[in-house]
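Working notes, structure below.
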């Protein structure tokens, strides 16, 4: 294995340490723009929201432990499932993946940072404020309770004249903006800042997944922003987009929401599956089987996922011919998904297995996701969906695909990359205990719900009558929830304990092939002292492609005393330029605060405050871009 | 680990499917639509089980192999093609094409049965109850309980007066949304007499969980008799107690929201109560229709169904007794 | 003093590029756009999708209703908006010429063309303001008026942003920030201006030509 110490006189690490340093103190922390710091904040914040969402799940299931329970009244229950879905989808899943991408992608492709560091930081602050904004509703007593998809007219001005739905709309809009700017930056980074020699066929699968997902985000999030804007206008200034009495149509919301909502779940799935494909080599001691097919399938999933959204609306009374198309498309997406699964199985087959916690999560993915995928193909059938739509069968389906396809890979990925981020190993025993509790618990929780769906139990019901035959399955489901919660507690404890006291990890504890393992754990702010070049998909296993020694060329021009990254071409990653990055700045934080101020003014109907907010937005953006102004260079 | 887990999962799958065949279940169909869908389900179930067992078995075999230790190696181009193309692409494609075709066939059959030639019943969704009007027999208005003749198609015309609801009686048919401003048609049919439970299946607010309904299938003659009765105005109260009860009904807030045909109470904010006593439940299925429950409901519906749109009514005890007697007389 | 000051430079092409490249420059090699250009394009794709969603909403509601406009409202006259559209399309010319001018190092011409574009933009905004005042309906009458006002406002907002960027670019031009080698700011502001023009064309077509597509409406 190559070391990361670089003794070339042209690049001194002391210079790099100074150039990439964060100023000390609280202001320094606020102005930090390094991708690892920001990515880390995303991950930690998203994990906290995961736990909060899990708490809400436990509350929901406790209320449903038996018929006619009085644990949560109808209002509290409806708020709980609304917040549970909203938190998990908007505040946990996508931000967690963004955080992992921000942290890992530059390292995996051999770059020192993302190309727009202040945009990064802005994304984090807006995410944090958006989450706080949404949860502020708990303090005002005006908690959103329209469900995570918030259909009008129920969420419109006539039936929800209070501010509850505004908290949802505005909070979610903030997280949408975060997603879009993060995606934008990741695409530019992956397109133009890879290590020289990292041509398209040498990009790690996770990075491909992030690229596909980011492009999807750019096209999937705006429809929700548009739909949300129209709903907020209905609520605030009396427009009639969704009002059937004045020419509007509530089904318009459903279209706009699900044009976002269906790609959204694949936005979560694709990087997660990419993570698995990137981790599995370390535990099979060989590269992933069928890399080109795997990558093409990820792209195919990305494309096809935009053509499925109507399957969420099969009971809304749309024309038969339209629905038939969406049945075929919804089933067709199982084909590239199948490629992912069988590529993983083939890799496991041909490799030498190294049993450890991340491998358990990979196997868990196959078992759980495939079951969810099968029920997914079933609900894609219109006629069948007419029975199970909006019942617990669908709840079971999507939890199987989301937990199997997103949560388990994330948990496995966190376990796998924890050493890289903190320099410490997680405890294997605790890791395995957590896995089994979560795996077993989620099956106990959600498998019975398939049956409940058939027995007639719809979604989003705060209670049910006794004597319907539903009691036993609800009881089992709730007990399964407690097991799952225990698993998450063990997982969290594992991280909390080993954060500072775990076994020191070293550069590459898993003997993995990716570039991120070529530097220390945790990596210095500048990632690599010497800009690496690659000539293989598995750089650390085929060291001819690892960090160069004394090689002339552009990489040598990287100055140590400035924050610089290399720019490369899109297809073959030939180095063509050097870019200088902006440094620490408070403007991202200020701009995020300005947006919060403006949206808060919208919520409380204050034109004065809104004007100030708008001015603040324009002003802070102007200062942000101005301080990045180029002077005619030396 | 692996073998036991795999066996457990397969058993759970089969058992689960059987367990879902209970009463009131979509898998114990009582009408042609539900029967078609149940048939489709069983086909998909066995196909899905076969695929899942295949994947689990493959995984078990793979995980138990002991490969020899080796230096880490990058992938060989072209390897694994058989498995990925054969299973990942080939098997999946075959299964999916089959399912698409079967799904189109079943869906088409259900769609082809739609029409407006059956008995037409308008079902209007409110928060949190169902108004039922028999079209062509415009005098028959009831709530939360739909009677249909056995063996004949019935076309439900669905719409809403407020938010989106969804009509679902699993033993008879799939569901369809009640959308304000639009009218959708859903055809149901019951083979044999029976009572079939239904529930709102689109979140519509705080008491969505308690927006239940009942479909009662009767032999055609019994149904005709029922329908005729429902079309008539209320029976004149004959004894002093029920007369007093009607007077209480019309005078107090009851008459401000509820209609009893034949009296001066003609409001249509709440359900039509002309033949209230003929219904099996009250409050859209939340309690059985008995004197005790009715007394509690009238006094404080918020205690039973908090957040529904009926306010409590404070009555003197003798007024309440008279009113209850009157309500029981509305057969 | 915060470190904010020390690294004020934007992501940009450094002068090192021409001196040392990993591969030898070929004759006629085009100058590459810096990454921030790709970033702006991607951002505009997202905004374009937002526009597409609003247009989708318009057509969906139009086909959903049996008369359009609703409630017998008269469709706004197309004359003035058409003139505004023509001016908008014409404004791409000074923006284009401004880019050409600074590309050849002509600072005064740059400022002249930027100012011309700004004047056109302000005139168009003025016409839009008069248009809103003379609509004859407000946004809250029915779905048609809601759509008309909201979609028009979407364009107005984009035009205002384009104008703000134009003013900022003019200020930087006056401060001498641009040169023939580097004037990325001019190009980026120009891209947003072209976007505002495209947005205007699409919305004009939607609001004034779209209703012609609906056979139920005439």
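A, B and C label the chains in the order they appear, each numbered from 1.
Heads up, the rule we're going with is that a contact is a pair of C-beta atoms (placed from the backbone, for glycine too) under 8 Å apart; a residue touches a chain by one contact, two chains touch by 3 or more.
Please read all numbers here as calculations on a predicted model, not as lab measurements.
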| item | value |
| --- | --- |
| Most distant chain from chain B, judged by the mean position of its C-alpha atoms | C |
| Most central chain, Cα average position | A |
| Between A-C and A-B, the pair joined by more C-beta contacts | A-B |
| Distance between the centres, which are taken as Cα means, of chain C and chain B, whole angstrom | 51 |
| Distance between chain centroids, defined by C-alpha means - chain A, chain B (Å) | 36 |
| Intercentroid distance (Cα basis), chain C paired with chain A, Å | 31 |
| Per-residue overlap in chain A, given as positions that touch at least 2 other chains | 249 |
| Chain B residues counted as touching two or more neighbouring chains | none |
| Complex contacts: residues of chain A adjacent to chain C | 21, 23, 27-28, 31, 115-116, 180-181, 183-185, 187-188, 191-193, 196, 218-219, 221-223, 225-227, 230, 233-234, 237-241, 243, 246-249, 252, 255-256, 259, 553-555, 557, 562-564, 567, 574-586, 618, 622, 625-634 |
| Of all residues in chain C, those that touch chain A in their complex | 2-4, 6-17, 20-23, 32, 34-36, 38-39, 42-43, 45-47, 49-50, 52-54, 56-57, 60-61, 64-65, 70-71, 139-144, 146-147, 149-150, 164, 168, 172, 176-177, 179, 182, 184-185 |
| Chain A-facing residues of chain B, complex | 5, 9, 12, 16, 19-27, 34, 36-37, 40-41, 44, 48, 51-52, 55-56, 58-59, 62-63, 65, 67-75, 79-81, 83-85, 87-89, 91-93, 95-96, 99-100, 102-104, 106-108, 110-111, 162-164, 166, 168, 170, 173-177, 179-182, 184, 197, 199-210, 306-307 |
| Complex interface listing, chain A residues touching chain B | 73-75, 78, 145-147, 151, 153-154, 158-159, 244-245, 249-251, 281, 285-291, 293, 315-317, 320, 323-324, 327-328, 331-332, 334-335, 338-343, 345-353, 363, 366-367, 370-371, 374-375, 377-378, 380-391, 443, 447-448, 450-451, 453-456, 458-464, 468-469, 473, 511, 513, 536-538, 541-542 |
